[in-house]
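Notes follow the structure.
Here the chain labels run A, B and C in written order, and each chain numbers its own residues starting at 1.
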Amino acid sequence: MPMRQMFSNPAGRFVDQTLRGVGQVMLQNNPITGFLFLVGIFISDWVSALYAILGTVTATGTALLFGAPRDEVSLGLYGLNGTLTGLGLAVYLQHDMLLLAYTIVASMFVAIVTAAIKDVFGSRCYALTGPFVITTWLFIGGLFTYGRLHAMPALGAPHLTTDVGPSAAAFGFADAVTGILNGPAQVMLQQGVWTGAIFLVALAINSPISCAAAVLGSAIGVGIGWALGAAPSAIREGLYGFNAVLTAIALGGLLFLLHRITVLLAVLAVCVSTVLYGSLVAVLGPAGLPALTAPFVVTTWLCLLARGALPRLRAFSPVEPVTPEGNRMAAQQAASKKGKGEMPCTKR
Amino acid sequence: MPMRQMFSNPAGRFVDQTLRGVGQVMLQNNPITGFLFLVGIFISDWVSALYAILGTVTATGTALLFGAPRDEVSLGLYGLNGTLTGLGLAVYLQHDMLLLAYTIVASMFVAIVTAAIKDVFGSRCYALTGPFVITTWLFIGGLFTYGRLHAMPALGAPHLTTDVGPSAAAFGFADAVTGILNGPAQVMLQQGVWTGAIFLVALAINSPISCAAAVLGSAIGVGIGWALGAAPSAIREGLYGFNAVLTAIALGGLLFLLHRITVLLAVLAVCVSTVLYGSLVAVLGPAGLPALTAPFVVTTWLCLLARGALPRLRAFSPVEPVTPEGNRMAAQQAASKKGKGEMPCTKR
Amino acid sequence: MPMRQMFSNPAGRFVDQTLRGVGQVMLQNNPITGFLFLVGIFISDWVSALYAILGTVTATGTALLFGAPRDEVSLGLYGLNGTLTGLGLAVYLQHDMLLLAYTIVASMFVAIVTAAIKDVFGSRCYALTGPFVITTWLFIGGLFTYGRLHAMPALGAPHLTTDVGPSAAAFGFADAVTGILNGPAQVMLQQGVWTGAIFLVALAINSPISCAAAVLGSAIGVGIGWALGAAPSAIREGLYGFNAVLTAIALGGLLFLLHRITVLLAVLAVCVSTVLYGSLVAVLGPAGLPALTAPFVVTTWLCLLARGALPRLRAFSPVEPVTPEGNRMAAQQAASKKGKGEMPCTKR
């Protein structure tokens, strides 16, 4: 994957890696996108933004310390789960010096988890935000045993919605628009239409197709949540959208080439990941754990692993995913070289 | 695996694949067995039977759409988990138009899960009913968050038995016979001695040994449930039998050649899968999830994966499992060719 | 791994294998260490000690029956999880004839689970005490469904600690020392400073470095538990130490060569495994399951699997782990042969 470095000195390179790490939370290998993501988080909650930076820097540094290949670190692949781990702990726990230390340990560990998942999957699948989900569950669970960790007073509640029955009347057009904009914001565990809007702009800068996928995914999430009778407040807050957004970005032209068969797969996966969110909220509720991005991770992992047994999906896997636009161009070039109009495919 | 197709035209072939899919729920590659399974379900609950057909057709069609190899689809390997997913959703949720759409999405997704598990295991293990368990858990969990999905009023209860203490007195010979016949019926999430009896006949048509294994497995399940002091009503309803039935069929001559060492393994696995049922009911209870066939899947997966490290088990793995009878014949032919009386074994 | 057999006759060899199995609970391939572990358990609770022997013998015998390679059985690798399964069931359930049969079935099954995990990991990772955790969870869960299994009246309670808030005042130097000595004892699910002291002596006989790692690990566990505000009684009973002890032994010179980078990894892993203990106690509480050694297993598996993606960790993996002392010696000899002072590393 070719890539222009913004800086040539080590400090500048580390800043570049950190910003790309933040960008990779939504699978965008672009420091400017990452920077705008941070701006969006700052607007919503500046303490969270500092924890996000702490997590990204710690995870990236730990990966370098234990000898991770420089090209993978440069793509931000070790940073993104640090970003989310920092955000997750900052959002569910109250800030104090202990939480700072706790976050550093968790962010160091998330680099180990990322490496372990990479090794298990090899070239068949990507770690995505799986290391964040595992690490944050492991560290949030301690909240109920350790007396010196304090849960956010108001929070936790929106993530543990209750069955309120069908209530379509209370959900209008303005609620739907709010929910669609809050979807991208909730990927970073934030709430706020301006934050969501900045995230969409940040996506559009790197890939208009990914931006469109995010909007469509968020809309499907809102629609599915409404159709199944989820709590309107939760839909409005974007809770039924953030897994749909990530799934739509990942499967919408990025990890598969755009084609009618992969678009069908993406729509199916977006629907499933939304259903799963409501399901996991209920199933994990008694254990006191939030669903996080587990619905996106589980759904997308299964779709990627299924390529091994389903040749038509394998045929539309890009050689090396860059952006939806980059994938299309590479596929067209390869096709024109062959002069046959065939789509290229990865060989297994 | 040789196989006669009942029909040569595409529609007939699809009917054949669908019926084999239903038959493969109990590892029987036989459309007549599958047809009798459907008859048994119709007798017990015709709505469930329609959902079973819907699930099988959708999963089989999805697999073909995404390019699954025709020979695997023809064996019914993509259909069986669709059958069970349809049954699972029909049994736990109330029928309405929303449930129809929900079941179609779930049955499409179960084909993806099947492909993913096949790819992860390769030739070392089989997916069995694992995709059904995963998908149904993910879709049933939503019951507690989504206001427009409605749980069956009476149901769920039998699957969430409570500790009622030793009560051997209340459990007589008639209860035991009822329990043994209900065991096979519960594989399809049904209850009824006639349904169980039809299932046994359907098994006997394809493989008398599998039928005998099912009866013995169900009896061991009832015995273990009684010895450990499970609720008599649950034993009578076949709930301690259905995982035992599946484990006995799978390990009793089908996935391992019959031999005293593999019979010991099968008996051990049947006991463990029964214990596990009671254990999972308790462990999954707080999360609101039923055990489904997870005890069978976990136990059988572990026994199959153990072959890699235990050469004596590997020695009795048939080259390509067909039926217990077919496996025996293939092994004897291979042995007589060698003229040494040795059992053939798969090479790894 | 060279090894002197104490006995040449079959019975003596089986005794040797059994004692090594007990020793391997703390990764010590030494029958005298194993014997002293049994002595320590006898002092604390002789019924548990008999169940430990029953479990080890059953698991070892089952592995031999199903054809496990003799050299692996001789190292005690199939026995250790039987030891712990016997202890786990004896500690959580009341002794009677039914529990004896239950323990035999569980210990036979743990050999299958061990083989399955070995096959899944291949040379990339070790089973450790993972089979014990899985099997014991599966068999303890039945406690709540089966009326003829009886939970220990007093027990279960210490393993289900509750959030009691910061209480540093109530935790003095004597409490810390008690906690540090109880840490190794809790590896075998026992409590008692003498038992812990005997275990440390047993470790020192086979490897002084492992003994030092156990003491340091236990101390870190006590420190982390105290710093995070865990219940003082639980810290004093060694509950925050036993996962730390196992993680420190495994990563402290045994599965990685001692080096500043691996010492940092070991300290990180010890901290994480301690945090995880408190987390899993809370998360598994509603399901009625204890944490057992799952925190050690999860943390150490992740660190070992991470070697595939982190070359600096791979560089310090011993060719074949023996003891920390043996690893150092082998590495130095290999280095002097090369005459370059380089550390040898396993090739992948």
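The rule we apply is simple: a residue touches a chain if its C-beta (ideal position, glycine included) is under 8 Å from a C-beta of that chain, and two chains touch if they have at least 3 such contacts.
All values reported here derive from a predicted model rather than from experimental measurement.
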Exercise. Take each protein chain as a node, join two nodes whenever their chains touch, and name the resulting shape: line, ring, star, complete or other.
Key: complete
Quiz item: How would you label the chain A and chain C contact, same or different, if same means the shared numbers make up over half of all numbers there?
Solution: different
Self-check item: Centre distance in Å when chain A and chain C are each reduced to the mean of their C-alpha atoms
Solution: 36
Quiz item: Do you know which chain B residues sit against two or more other chains?
Solution: 286-287
Quiz item: Which part of chain A faces chain C closely enough to touch in the complex?
Solution: 63, 65-69, 72, 98, 102, 105, 108-109, 112-116, 118-120, 137-149, 286-289
Quiz prompt | List of chain A residues in touch with chain B within their complex | solution = 124, 161-167, 227-231, 261, 264-265, 268, 271-272, 275-276, 278-287, 298, 301-303, 305-313, 315
